[in-house]
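Shared between the two complexes below is chain A, which has chain B as its partner in the first and chain C in the second.
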Partner chain A sequence: MGNRSEIKKIDTLQSVELGDGVEILLRVAGPFVRSMALIIDYLIIIGILIVLGIVTSFIGFGTNDNIANGIMMISLFLLSWGYFAFFEGGKRSATPGKRSMGIRVIDRSGNAATRGQVFVRNILRYVDMLPGIPTGAAGFFIGGYGVGLTTCLLSKKFQRVGDLVANTVVVYNKPVDHLTASIPPAFKKVAPPVALTREEQAAIVAFRDRAGLWSEARRVELADHALAVTNAQGQLGKTRLLGMAHWLTEGK
Partner chain B sequence: MNANQFKAKNAEKWQRYDASMQSLEKGKADYQTDVAEIPKMVRERCVELAMARHRMYGETMCEYLNQQVIRGHKMVARSSSSFLETMVHFLAVGFPQAIRREWKLFVLCWVFFLIPAIGMWVSIYYDLDWVRSILGSDGMAGMDEMYGKGDDNVVENFRGEAGADFMMFSHYIHNNIGIDFQIIAGGALAGVGSLFILLMNGLGIGGSMAYVIEYGDPVKFFTFVSGHASYELTGMVVAGMAGMRIGLGILNPGRMTRSRALLESGKRGLPLIFGAFFLTFIAACVEGFWSAHDFAPNLKYGVGFAGWIAIAGYFIFAGRGQREA
Partner chain C sequence: MKLEKVTAEIRPRGRWESIDLGCALVRENYGKVMNAWFITVVPLWFIIIALSQFWPWAEGRPWIAGFLCIWILPLCDRIPLFVLSRRLFGEDSTTRELLKALPSMFCRRFFITVLMGPLNLARGLAQPVMELEGLKGKAYSQRVNLLSRNGGEGASQAALVSLVLVLGSMFSMLFVFTSVVGLFGDSIVIEEFWIDHVLDSDASFMPEPYVWIMLGLILSAVTLIEPFYVGAGFAMYINSRTITEGWDIELAFKRMSERVSSVLQSTGKSLLITLAALLCFSLSQTSVEASNERLDKVMADDDFEIRSEIVQVPEKDDNQSNGSGSLALFGALGIVSNILFWVILFALIIGICWLIHTNMHVFRGTGRATTSSVPRVRSVMGMDVTPESLPEDIVAAARAAWDARDQQLALSYLYRGSISWAVNEMAIEIEEGDTENDCVQRVARCGQLVASRYFSDLTKHWVNLAYGKIEPDVHDFSSLCSSWPFTKVQKTEEDSR
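Take a look at the complex of A and B:
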């Protein structure tokens, strides 16, 4: 696709060239979907803490409180500093929350992020959480993520401070489905009257592929923009344009 | 060849590829998957993607092939080094080398910790107000209770209880390693956060020490802290180094762009982060299971001194002449 630079401007696609010499497009995840994932993760962590609290209080009845307190504190440490790093460093590169939102953490080169990178981005989570970190009394950290959101919006690839230092990005696991719905093919193929550039050809084919999504009036309205090639307005122009799409994809 | 012909021609290959990928993604290669074939298959998808784009086979097919390439790349470009091997090499070579490479930061962070600590100590001989304002009345009461003059040793008595050692070990893990990580993260605020926390710790620790020396029972205090002080303080300083490494990426990017410098400093700071974690973890073990037991003071001082010697020797001699990690 020749108009890559324009795609970059209007889309969240990140193009990465692999060692195999081909470019892949990664779809970078924005702050909204990431905060949803974050909320799910925090709910999971809080759930684990509640269950642990109940279990350890039973242990506390049996002996004295020390073992129970100890287990609780170790768990707080592991959950506040280790939960994200453990899951993101794992095979799926995503916490349960991220998995449920269909996003994952990768290196900016498109490779899987190493454990070290994941570790760094999650230690710096502490800075991204600013402002508003509850102190040791609450034990577990949940912040306002003001710094994270700000840097996310300022950087081109939605990277928070941790991502910038660790060289990671959060991308969608699966591509967003492009809604396509072709309408039945035109009755006859129409050769374009002039030589079309690749972008123009792509636009005409895309028009055909998505025409099923629009009302007839909208199709005609859009086809009117191609007056220069169709040489006709209204219904006739639309039919000619579809004919050209047919000609372009199926051959003469 | 149009899009449909292209699709029909390759449909069988794509199906086979999809099946192999699925079994690999599940983590168990079935008997049909020839693992040696995988890189070849992925490269075929790469070629097809490039071709589909060039021939403009439409967004749907390009998107499909794009996804297949990403999928395959994830499988092929996987790091396979063993975790244990990496850890051993890091501790034997990578960490001490990183400390030597960043010796200037090592000195800087010690200075930022020691000067306020020594300052507090000296100040108590002139004016108690400095220490009083740092410790606060609660802090002073706490120090009196734990290390005050008197025969009963609160620390050792409490540790007699069942499970108390484990609880305190957990507390130190949670608290001290948490502080280390805060120091590191504070580095992202242009290094100010790291230095600030180091400074505050210097004031706090110096103030407590001075207060106990003057108004409490120094033997109780030093027999307790001597065992783990070396690992804990060095761990904190190393955390400060990691924070400053990140902070310097912002402050002093050199000839690189700031974002590039930040990446590089993240890479260079990583061994220091793991190192700080390692040292503070040792400190928590010692503090939890050794420091509070009532061995003879001289034995405890000896172990504390040995700790300092061990760290110094480790940082100076370990991993010399070895290839970098």
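Take a look at the complex of A and C:
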């Protein structure tokens, strides 16, 4: 274990220590997936605006043109300032785009983000957009997200300025469903010669679960790396390793 | 390739998580990647731009140059990949190595790459297969297919997102550029440009200089974003190899073997020691001793030492560990409000002391303020009643005013003079807001019959004149003057007589 912690390896997991000394790992989401979520959100906003534009233009035929304009302006304001904050402040703490990408906003400590934090990070969205132009007539701010992208790429937890100020991170919501393909289990349970650590047990079980993805030669090659435990080369070692996996999962 | 030297955490990841790992990988090595990019790709772009100057049609030159610069991007991608793939396994690639590898790097599958250009969206994943495994032909395409099915599904999405990121950063730079030009140059030029040449121009092409500027912006945006795209593709490649070849399991098994063999070795050694001890003494006593010795040895290990550490966490630290920066602000606010509280408390105490001091008579039991302490009103009903504002001889002044046919002034002299006298000499408490009637009542209450009768008479005439514009008779006025009771001089003269 010691040699692992010597060199800090590059990883996207961010560890957070809770009050009881328990360490949890946050799976922080990076700029690519967040950009994808943002693109989806903006497509939704544009879609809503197009529908509203058609509806209000019908209203505009019947009544005063100003009413249609007013409705359009108000909805534009609400969408541009309220869309993100409304959804992120909600129960799922994710906009529809974020939900579809399987990510959500949380506090840096792993707790749910408060409404205040969500509000702050979305007010500062306009800072993240920054090199941009306000289109005065439309009341809309078009930005290239230059600041947000830069800080997101450079900060360790992929935080944009709004996240840094509001103390939030965007994390993955769903666990990864790993590809598994197991091969027929071993007949005999084999107890490992020494007590194994948690990671080692997990590796042996994962070997059995994913063995179907590999060729027989690769299985044997991998099993050879566990020579100290199996105490046998080649096919026999592989069979013993599978037996150990059986022993570990099915009970002693 | 030595898997043990890998500098990133190897484990099977989800589609987007592997891309994030690529971003983190590029972020850690951004300087090296940029370095390699600037000594290889940027000169190449300049060569292309220089060559494009031979194009006969001047307006087409930036378009040709831009097209070629973008089209050879798959070739350029190999440079960040070269650096990153070595950095992943902890190796540093020198500039000489890079330049040496450059020709073969560019030549590999040159025609197919140039033919497809950046349209091959999955190239992020396919490039490492070609570059690092050196596969060709059917084996190459089979391998790419296998990898893209197992953990490389996000390649085309990553390509699209990176395209969006390139466009986003290009527009960011465009905004910065236009605002800088607008600050230091002629902003009208920009507006004219946008209006004349972009929004409603008859020409099918933008003017040449602007296209060159746009090209420069696009290429700088590509320079910023492309390494991340390459890193994302490379990380996807690593991820799919992790899944399809069990890299993480190989690493875990190697670590396990290392640990277990060292554990077995040490147990073997201690068994040997025990056997030796048994042989030497062949006494159960000594074997007990030996085992005791071994027990002591084991117990002396660091793991059995009980360490206790008492940490007293002060309240404040608890607050800070909540991690919110605004709490520091609240702390400062707390200090300020504390100071404010004490200041207000002291002010209150001092104020109460002063009140007690000034109202000492209440406690002394005299029950009356000394005359000197009661402030005298300076004006009543908007009229100045201080002795200084009135003439010395009020009656004479009033008569003079009467003779000058200014009845109002004459009566006002008398009225003001009488109130002034009542306030200053008789010490009647007339307040600033009192009406004429109040004054009459207050004067009557003080008990001086002559004065009060005269004052009520005078008030009647004054009210008639002031509100009703009814002037008093000459007779009345002269009687008012002659019966003027408020004269100190007269009084003192009378007293002295």
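Please note the rule applied: the second predicted complex is superposed on the first by the 192 of 252 C-alpha atoms of A that agree within 3 Å, B and C clash if a C-alpha of one lies under 4 Å from a C-alpha of the other, contacts with A are read in each partner's own complex, and residues count from 1 in each chain.
One rule holds for everything that comes next: contacts are C-beta pairs under 8 Å (C-beta built on N, C-alpha and C of every residue); 3 or more make two chains touch, one makes a residue touch a chain.
Quick caveat, the model's predicted, so the values are computed rather than measured.
A.B. asks: Would you check which partner chain A:218 touches, where first means chain B only, second means chain C only, and both and neither mean what they say?
C.D. replies: After superposition on chain A, A:218 lies in contact with chain C alone.
A.B. asks: Once the shared chain is lined up, is A:35 touching chain B (first), chain C (second), both, or neither of them?
C.D. replies: After superposing on A, A:35 lies in contact with chain C but is clear of chain B.
A.B. asks: Applying the document's definition of touch, where does A:52 land relative to chain B and chain C: first, second, both, or neither?
C.D. replies: neither
A.B. asks: Answer with first, second, both or neither: which of chain B and chain C does A:198 touch in the superposed model?
C.D. replies: It touches chain B, and chain C stays clear.
A.B. asks: So in the superposed three-chain picture, is A:206 touching just chain B, just chain C, both, or none of them (first/second/both/neither)?
C.D. replies: A:206 contacts both chain B and chain C.
A.B. asks: Report for A:123: first if it touches chain B alone, second if chain C alone, otherwise both or neither.
C.D. replies: The first partner, chain B, only.
A.B. asks: For A:227 in the superposed arrangement: first (chain B), second (chain C), both or neither?
C.D. replies: second
A.B. asks: Given the touch rule stated above, what does A:144 touch, chain B (first), chain C (second), both, or neither?
C.D. replies: A:144: touches chain C, not chain B.
A.B. asks: Contacts for A:250 in the overlay, against chain B (first) and chain C (second): which applies, first, second, both or neither?
C.D. replies: A:250 contacts chain B only, not chain C.
A.B. asks: Which positions of chain A sit in both the chain B and the chain C interface?
C.D. replies: Residues common to the chain A contacts of chain C and of chain B are 167, 178, 202, 206, listed in rising order.
A.B. asks: Applying the document's contact rule, which stretches of chain A touch chain B when the two form their complex?
C.D. replies: 1, 18-22, 24-26, 63-64, 66-67, 69-74, 76-77, 80-81, 91, 110-112, 114-116, 119-120, 123-127, 136, 139, 161, 164-167, 174-175, 178, 180, 198, 201-202, 205-206, 209, 249-251
A.B. asks: Looking at the complex, which residues from chain C come into contact with chain A?
C.D. replies: Per the stated touch rule, the residues are 6-9, 12-14, 16-17, 19-21, 23-25, 27-28, 150-151, 157-158, 161-162, 164-165, 168-176, 228, 232, 243-246, 248-250, 252-261, 263-264, 323-325.
A.B. asks: Show me the residue ranges of chain A that touch chain C in the complex, using the header's touch definition.
C.D. replies: 3-4, 7, 9-13, 27-33, 35-36, 39, 101-102, 108-109, 130-133, 143-146, 149, 153-154, 158, 167, 172, 176, 178-179, 193-194, 196-197, 199-200, 202-203, 206-207, 210, 213-214, 218, 222-223, 225-229
A.B. asks: Please name which positions on chain B make contact with chain A in the complex.
C.D. replies: Within the complex, chain B touches chain A at residues 2-3, 27, 42-43, 46-47, 49-50, 53, 56, 58-60, 62-63, 66-67, 69-70, 73-74, 77-79, 83, 161-164, 166-171, 173-175, 177-178, 181-182, 184-186, 188-189, 193, 246, 249, 259, 262-263, 265-266, 269-270, 273-274.
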